[in-house]
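In the part that follows, the structures are each spelled out as structure tokens.
The following pair of complexes shares a single chain, chain A, combined with chain B in the former and chain C in the latter.
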Partner chain A sequence: MSGSRPIDLPAGVTIPEGAGGSSSWKTVRTVLQHAYIWIWLVIFVIPFLATLVYSFESPKGGYSLEAYDFVKGAFLENLVYSLELTLMAIIGNLLISIPAAYAIVRHNVPGKRLILSTLNVSLYAPAAVMGLSLLITYAYLLDFMPLTHSTWGLLAAYVVGTFPLMLLPIIVALRDMPMVYQEAAHTLGASRAQSLFRIELPLLGPGIGAGILMTFVIVFNEFLVTLFIAGPENQTAALRVYGLTRTAGFSQSTAAAAATMQLVSFVVVLVFFKLVGSRYLKGTYFA
Partner chain B sequence: MKEIPVPVSLLEAEAAETSPRRLRRESFTGLGLLTPAIVIVILFSLAPLAYLVLVSFTRESTFFFNNPVYTGGNYRTIVNRYMPHVWTTIRLATLASIVNLVFGFPFAYILARKISYRELVRTLMVFPLVGPLYLAFGLYYVLLPNGPGAPILEFLGINATSLLFSEPMTIFGMALFTFPFMVMNVVAALANVDPTLEEAASTLGAESWQTFTRVVFPLSWPGILAGFLMCFGWNLGVYVVPILLGSTPQQRVLSLTLQQKAMSQFDYGLAAAMGVVLMVLAFSVTWISLRFSRGALGA
Partner chain C sequence: MSRVQLISVAKRYGDTVAVRDFTADIADGEFVTLLGPSGCGKTTTLRMVAGLVDPSSGYILFDDQVMNRVPTNKRNIGLAFQSHALFPHMSVAKNIAFGLTMKRRPKAEIRNKVEEMLDLIEMTGYGDRMPAQLSGGQQQRVALARMLATDPRVLLFDEPLSALDRNLRDTLKYSILELQRRTKKTAIYVTHDQSEAFAISDRIFVMNQGRVEQAGSQLDIYLRPATEFVANFVGDNNAISGVIESIASLPDGQRTARVKAGTFELQGYAPDTLDVGDEVLAFVRPENIEVVGQNTQQQADGLVSGMVEQIVFEGPTVRLNVDCDGVLLNVSASGVERLTLLDKGEKRVTLRFRDVSLVKQ
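Right after this comes the complex of A and B.
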């Protein structure tokens, strides 16, 4: 606290002079602290803003929306495919994480710690390592499944890489939720399913929301694992942007595609913060 | 775990629940609920990584034909020819994490203790998190000779074109991506330090640097170290930043090299061996980091 009003001290007690520094130095320091934060805030947004401004520049001079014809045209297909994949990954993560969270918080499973750290393995493996190992696995070890160059292959990679990020906030939310609600529902004659869908899942809502948010941001923007395992037929939007930076170089249409990707991600995060707040993201990827 | 006072009747019910048979049924249901997660992890994470280790001991792409040739040659090749790549990976990750530490700690400290617009900061911090691809791409444009950054840098006496495709810029790009991880970890660590301790120190006449070295740092260093290692772990897997912002010396990183070996030269054995080296590095860093963050993930 910036001690504007001194505490009422007993008679005879004084605070040593200069303990908190002189007031003008304090003002300077406060200004510098805010300036430091703001410099970084500007640095955070500059890459995005620069990309956005460049995407509006017309090659003939002046500004135009020409580059967004590409986003509405050829890129739209990739964008829609990415959104579909992301949605499927979110559903997959939910189906896996909710039962797993219940098992970890509410049931007495032997070797819980070991299981939990094993589940996180692909979260910690570098993306290129995951990509390469899945590439060779899809092509040979699991060649009886339609995984190579397929939507299923991508989906499996995204789910295994991101469901721990869904699992953690649900575990946290489940731990915060006292057993009494469940017990009260049970005592009042609710079936297990009724209690789950009408009492527990709504209470877990914010934790589940946090998981959905993290899955969205990561899967929607994933390109490196995708680079290894996607075929020419299933190019995600993020992979297309990566490909464009390699082939088309720094063109307006590349910038427009990159800006669109960032904007979509940002709007989703913003909507989440407005709806749920950031409480359930504590100790996770975002807060 | 928080202790919640329970009425006696419930305590009796709990005593009944801890009978051995009940416990066994409990763990059985628990394992059942975990099955989907465990199956997915075995199929798409553990088996592929084990397979990667196996392939790393075969010559070139012989594994995929009928007569795999098993050899330790790929690891010898790494030791003889690709050690510079291993060191480059470690060097870039270390320097980027140091940048994160030096600039991220004051940021986190001010964020946690001094300012009230935390929501705004948190929201804008989403941009670096969206991904290194767009970050590197945006920075590339900022630094182009006719880009928006050039006049500002010129004003500061820095030649913008000399920054593009350089090591400092590569490190900055990497550090910018992991900056939020550092900040997040330090903020969490500072939450464990009671601000009244700092006030007490300052009231007792300690200078601010003394408060830092004698009070704040000793109480928060595990979190700071966890943040540093987390940034380091992420940066070990760096791929796109050196492509867009670095030149040949920075592009000698393991992720990039193994991708080229596998997908352009079809030398799967060597690529897999590089993957194993990278994996061992990343996992050991993560393991240490989780020790210090007191098991961030649910433990």
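Right after this comes the complex of A and C.
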């Protein structure tokens, strides 16, 4: 701001006191507003912090990282399995939701409304009902494919349970995306696929990103439906933590496993917003 | 670099007929405009040429090849949209390069082309900007560069300037014309703005309710409207109804007719379709009615007198509403003499008509 001079107001001009009161009151108000937000944030993270602190407590007194030996050892396998399942569920959801969103938004599918409201059933069905229904279904299907107690069975359960979370934000994003970008791409010589991958999917990024994030958060932490379907071979991280609380009790290693799960979710969400969030949420027409 | 033909092209949406029986032969390098009011089918016609809309019937030909089944991305056209339609997630350079990238041209060639295009639109150095960081006029110029970069055979424009302010519209429409002249590409330009159409076209197609009302040069459309619609749509014409009393042929082949309209008579161009005794509408443009006298009673052939009801000073012109025995005329006077019309007081003026065109009623 070099070169700026104070502006002289004509004589007789007065500056009224702001309606918000004096500046000191403004400062107080700002501090209170910030404090309010922070208090809530702290309340939200207290359970997590408690678990974290507990996991560092050594049975011999003092603090140590001993409990995390278990996380690096046996529990790592469960974590990796959960992450693999989550990744596959995300891919499955994408493969279903992107074509489905196009069909629903861009074509006149008969019974569109009915389809859309039925889709949400899996979102508000209680997990226990869901788990039971899937078990029954898998029992019927047993002769064709053994889904119970298998990775594929779990995956199918997750996809059925969460793909509306992927589909809905993509539908919203697709509705908001003007046809003109696609048409411009075609006039410039882009094929259907080129337009899809270069223009449409990047522009649908925020919707797809929201779907990926929600799928991740739900599937990675899913417990109840998993309990119904998983066999001894399918120990997800959430299932293992639950199992530990029953066998090992509230030991430090249980807390360490739980805290690690939380941390993974937290880091993934954070990294997502850092990378994908900024890239997609900025440069698009949503900005 | 293509001749574009439309042969009886029509488009129906259920019961609505968006375009009916559109036939046109657009020469290589010609600049034609589709002009008409909102909803008359201009965009639909253009999008059929682009392949974004399938015609219900008829044929679209580029250089004697039927294009109907050829998808948009294989037609090698350039289309400028009303909203510039720049890809918001790509930089200016990436936008301009898009068409060539799709054609998998070598990197170096693409880079050179982008630079060349940026120079062409006088936006050298803007390559790294995002579209959202440009002004409306710059965005539209980048859209033009993007469309020219692939060297299309036909240029299509769908009201590309309508979102811009007036000054920008005026400069950009001449930029478009210049780009077209320089590249010698066939162009079809859609607009509802007649001054735009008159400024840049070789030929104008005036459309109404899906139909071509008249196709011709600016002068044809302006001075010799073929239908009542064209006469009314183009300029704010005076329409006077009357009956043809006689017709004479001029040495140059044109025919002029004497028309009796209420208490006065006037002369106008008569197309071959008109005969003595026909009821016609005589159209005269406000600037083609000349004020030849004030507060005098001249009675001569071809002169009409009337009372001035309203005078509006518009700067370069003075607009008069004149009542000629019940016929209300809109007169636009220019030149220095117009200022004498501004004197206060009741006025009787004597008028002379020029360039009267006749349309069957």
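We take it that the second predicted complex is superposed on the first by the 232 of 287 C-alpha atoms of A that agree within 3 Å, B and C clash if a C-alpha of one lies under 4 Å from a C-alpha of the other, contacts with A are read in each partner's own complex, and residues count from 1 in each chain.
Just so it is clear, a contact is a pair of C-beta atoms (placed from the backbone, for glycine too) under 8 Å apart; a residue touches a chain by one contact, two chains touch by 3 or more.
Everything quoted here is computed from the prediction, not taken from an experiment.
Shared-chain residue A:Ala185: touches chain C; no touch with chain B. By the touch criterion defined above, A:Leu142 reaches chain B but does not reach chain C. Within the superposed three-chain model, A:Met88 lies out of touch with both chain B and chain C [touch as defined at top]. Contact with chain B, but none with chain C, is seen for A:Met261 once the two complexes are overlaid on the shared chain.
Greater residue coverage of chain A by touch, when chain B is weighed against chain C, goes to B. Once the two complexes are laid over each other on the shared chain, residue contacts for A:Pro202 go to chain C alone; chain B is not touched. When the two structures are aligned on the shared chain, A:Met177 is found in touch with neither chain B nor chain C. Common to the chain B and chain C contact sets on chain A are residues 178, 183, 283, 285, 287.
Remark: chain A residues 1, 15-16, 19-21, 30, 33-34, 36-37, 40-41, 43-51, 53-54, 95-97, 99-100, 102-104, 106-110, 113, 115-122, 124-137, 139-142, 156-157, 159-160, 163-164, 167-168, 171-172, 178, 183, 217, 221, 223-224, 227-228, 238, 241-242, 245-246, 250, 254-255, 258, 261-262, 265-266, 269-270, 273, 278, 282-283, 285-287 touch chain B in the complex. Per the touch definition, chain C reaches chain A in the complex via residues 50-52, 71-74, 76-79, 81, 83, 85, 87-89, 98-99, 102-103, 130, 132, 146-147, 150, 156.
Contact residues on chain A toward chain C in their complex (touch as defined above): 178, 180-181, 183-191, 194, 198-199, 202-203, 205, 283-285, 287. Residue ranges of chain B in contact with chain A, taken from their complex: 4, 10, 23, 26-27, 29-34, 36-38, 40-41, 43-49, 51-52, 55, 63-64, 103, 106-107, 110-111, 114-115, 119-131, 133-142, 144, 147-149, 176, 179-180, 184, 188, 195, 199, 202-205, 208, 233, 236-237, 239-240, 243-244, 254-256, 258-259, 262-263, 268, 271-272, 275, 278-279, 282-283, 286, 290, 296-299.
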